[in-house]
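Below is one structure, written out as structure tokens, with a few remarks after it.
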Amino acid sequence: MVNLTQSRLALIGFIGLGNMGAHMARNLIKKGHELVVYDVNNQSVNELTKFGAKSSESPADLAAKTQNIITMLPSHPHVNEVYLGKKGILETAQKSTRCIDCSTIDIEASKRIANLCAEKSVYFNDAPVSGGVKGAEMATLTFMVGASKTDFEVIKPFLECMGKNIVHAGDMGHGLAAKICNNMLLGISMIGVAETMNLGLSLGLDKKVLAGILNTSSGRCWSSEVYNPVPGVIEGIPPSNNYEGGFQSGLMAKDLSLAQNASVETHSSTPLGSMAYNFYKHISNQGYSKKDFGYVYEYLRTKKN
Amino acid sequence: MVNLTQSRLALIGFIGLGNMGAHMARNLIKKGHELVVYDVNNQSVNELTKFGAKSSESPADLAAKTQNIITMLPSHPHVNEVYLGKKGILETAQKSTRCIDCSTIDIEASKRIANLCAEKSVYFNDAPVSGGVKGAEMATLTFMVGASKTDFEVIKPFLECMGKNIVHAGDMGHGLAAKICNNMLLGISMIGVAETMNLGLSLGLDKKVLAGILNTSSGRCWSSEVYNPVPGVIEGIPPSNNYEGGFQSGLMAKDLSLAQNASVETHSSTPLGSMAYNFYKHISNQGYSKKDFGYVYEYLRTKKN
Amino acid sequence: MVNLTQSRLALIGFIGLGNMGAHMARNLIKKGHELVVYDVNNQSVNELTKFGAKSSESPADLAAKTQNIITMLPSHPHVNEVYLGKKGILETAQKSTRCIDCSTIDIEASKRIANLCAEKSVYFNDAPVSGGVKGAEMATLTFMVGASKTDFEVIKPFLECMGKNIVHAGDMGHGLAAKICNNMLLGISMIGVAETMNLGLSLGLDKKVLAGILNTSSGRCWSSEVYNPVPGVIEGIPPSNNYEGGFQSGLMAKDLSLAQNASVETHSSTPLGSMAYNFYKHISNQGYSKKDFGYVYEYLRTKKN
Amino acid sequence: MVNLTQSRLALIGFIGLGNMGAHMARNLIKKGHELVVYDVNNQSVNELTKFGAKSSESPADLAAKTQNIITMLPSHPHVNEVYLGKKGILETAQKSTRCIDCSTIDIEASKRIANLCAEKSVYFNDAPVSGGVKGAEMATLTFMVGASKTDFEVIKPFLECMGKNIVHAGDMGHGLAAKICNNMLLGISMIGVAETMNLGLSLGLDKKVLAGILNTSSGRCWSSEVYNPVPGVIEGIPPSNNYEGGFQSGLMAKDLSLAQNASVETHSSTPLGSMAYNFYKHISNQGYSKKDFGYVYEYLRTKKN
């Protein structure tokens, strides 16, 4: 970490060059960091090397080359594989290597990895993101970080290369906890807005009038104010574009499944969170997992038969 | 209506001098209107007469004396009785009498009364309020009005004596529709915030940190921003005062029951609205109907056994 | 009623000759009763007159001709119209006329009619049926009767012409209450079986093995034992015939809406009943209201994408 | 296994001598088997040795002494510890050792253990039970077995010493799947019966009359027929004994949490299962985890305030 604390520039290992990760990696390079990257998809690696990154043959190879590692992977089996698998990070990671996992995964799975890292004196912190592909591209992501105060200060400059809001949620695991909580509430609110708009329209209210009333009353929420799921209420968002783009229903279902796991683990009552999970899962099972999560309005809508 | 359009002052009949109505009637007097009032409770009438109002012996007696009538009653049986019962308004109401019902009642029940009024050439409009007893006292209520454009313009000056936001929701019945929709979304959001905060705290997050993250993220809503149900997150609101005062769980259950009636009537899917209704009803059945509706947090809270 | 108590044969007025009612009327004729019938659909009336019934011009005309009246109508607006409307039964009904309403309608609506009947000294009892069109044809219906003990004994012989089980559920209104309760539990159980079978199959269990285990264990219910909603588990029932025939989802939604009204009216918690209502309503809104209610399995099924 | 197949008598290792396990172990001894036992609680071991069993110092010690092992433990961390922990079974288990796990645990956790057993050529099958402490004592348990056909035939004679119904649910894992499915449906049905009875009683129906109608109609289920949760409907069951004894709400919550895990794992929609889980969890969080699961009736009951 010497390089970093002195010059704020470092050699960073980056694993996971998907839709989000590729942009994040580029932004690190743009800010002057050197990168060594890994992805199971060679094509993705090639594109980054053209942009100035070095490639590596495996997470183990990458970990042998740097003590600063960022991972951005789709789900916990991938994270397990990258850290604990054959040729995984922990095979070669040096003492005091600092790993930042930006994946959104199960809290318990994350803690298990953190514990195994700790046994080898490797730092592991969770820093899941929100803000979507656009936020990744524009370096305007929000990071919710689970780390000690000291670690948070060390990590923060890296994350600031990729995002705008770097939030300290608490200790290890709390970054994930915060993200999962937020997205559970978001999933609930969106269904709430969808069924409220549907009821109101069925009662004969004008959609813009109703949206206006909600937004100046106690029913207002992010989903009603900036992401109303009824087509035509707000222009330029996925619900007004046939629910293309945006935050996919399948990903919402995944995040809500993490909330369900957390609620089982902690014996917490989450009745509406459970229902919301079942709804987005059902929408996904029906073949609409790629649709923006506002699609729940279309799904619930009273059809005129 | 001559008086009103010329001088903006009129003789107004006011029926229903409860917690809300008494304040509303006083505010009309304060703005210079003359009032003739009625309530089943003599005590309430006496207090208003001391304040300058005239009393009447029945709704029919009141309707014989004025063509401008405002009603503010707890539920639709009371409204039925006052309009349609023995010595009710419709026994004596003159042609072109204008009735404004500020009660929050079943939409279908309201429409039935409106139709019977129309048969006698009596105007009837719905203008339910939000803002609570404090809003009634301070004349800062919001009125959601169901009326034609013309009627809305006639009604508005009266309502401005008692409130700050006079919203035109649409035709007859749409004031109630808008209020019921808003409160359904509010009821859902509050439970959503309650279970999200509970989950987060069970996961070890600090309550103010989590509230802060939600309020700067896509989970934010009125219930998280200005009415967080966890004691101590926001001072000076009912959740920080043992859930005393505020918007009672029993009244939320009542408003959600109106939403359920509306969803049955229109065949609209309201899964979370239904669940929310069952929760507040259950809380009320358990003996907590007088507690502020944020009590749902205490209700759902993971207890340490 | 003289004829009846003496000879057990009477002149009976029958209103409502739909899928169910036509069969019920025929069965009364088969048992030797004389019938005078009414329906808004002339075709239906003609078919019954060919079978020996006399026709009438209106409910009022029918009520002028007989003191024993049975009504079998689709929903409470029809029942209101037939009893209380222009040329309705109450315009002409003689004192001590005995009305048996076999329709499945809202309890409160039924009570209102009963009260108005009582004011004219007309008996009114609720006796909704279960057993479907086949049960109507085969005279194997179950009748759930709301009546005093004395009235029940008077009514019973009539109903025995059309059904096999004549159950005394309690006083006026209790026949409907019993039917609504049973169907709410049925609606819940069917969804329960559907999601249990779906989960089990997703876990790799064989459908017949799982059905067998449930049916010999504590999970067993009517829906699992005689009406398993998974195609191919039980032959000869609607789920094995593309969900054609059987008890329509739309009718289940209607019965559950009556349960919701009853739960609102009595402030009773019915969380699963509410969810069940929303599911069947949603299925109906999606265009599947004619499908047998076991279709909820197909609806919930985990699709392989 | 030579002993067993020849003489049907064997040396069996038994781990987990709790409320259920102690009875099961005794029944094996009664049928003539020799037992070597282990439990973390010495007292429990002592009681079994008085009954003729030999003791062992650890699961590893036990596994060194016998190739037939039955485990009956409260939850998956215990099972992990016993099989995979220090001095666990897999430290010493000989090739072809046959392990039967009768615990009710997470399916994925069970499969992980099975895979690790397979790596050492140790057989591992799931055979969870139902029937409660009484069934364990009377040797009338039901075992739901996940095993190949061949393995099932080998295992069956052991299980027949402890139970009456030995059901072959399918391959490894399917015993747990079947039990979890059954208990999910049971949990749903019980709430369904509870809210139906509550609604009916609120509507004025007599509890025994309503129960009778349900039990002869399409609403009938095990929970209504043999375990009606309303006190006084059926004598001699926990609901008529202040919900003491029986199947604890906390254990139902646990089984439903396993169903939730399975539904997350397989992306299956289980909306009512999720709600049921939240209800029993909430009841447990409120301090009633020891009450029989029929307590959900008392919990939902409309109180007269």
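The first chain written gets the first letter, and so on, giving A, B, C and D; residue counts start at 1 in each chain.
We adopt the following convention: a contact is a pair of C-beta atoms (placed from the backbone, for glycine too) under 8 Å apart; a residue touches a chain by one contact, two chains touch by 3 or more.
If you're wondering where the values come from, they're calculated on a predicted model, not measured in any experiment.
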| item | value |
| --- | --- |
| Superposition rotation for chain C onto chain D, Cα-based, multiple of 5° | 180 |
| Farthest chain (mean CA position) relative to chain A | C |
| Same or different contact residues where chain B meets its copy chain A, judged by the half mark | same |
| Chain pair, A-C or B-C, that carries the greater number of C-beta contacts | B-C |
| Approximate Å spacing (C-alpha centroids) for the pair chain B, chain C | 38 |
| Where chain A and chain C are represented by their mean Cα positions, the distance between them in whole Å | 51 |
| Where chain A touches two or more other chains, by residue | 267-271, 275, 282, 285, 300, 302 |
| Sites on chain B touched by chain C in the complex | 253, 257, 260-261, 264, 267-271, 274-275, 277-278, 281-282, 284-285 |
| Complex interface listing, chain C residues touching chain D | 107, 130, 142, 144, 165, 167-171, 173-174, 177-178, 180-186, 188-189, 191-193, 195-200, 202-206, 209-210, 213-214, 216-224, 227, 259, 262-263, 266-273, 275-276, 279, 300, 302 |
| Residues of chain A that touch chain C when the two form their complex | 275, 282, 285-287, 289, 300-303, 305 |
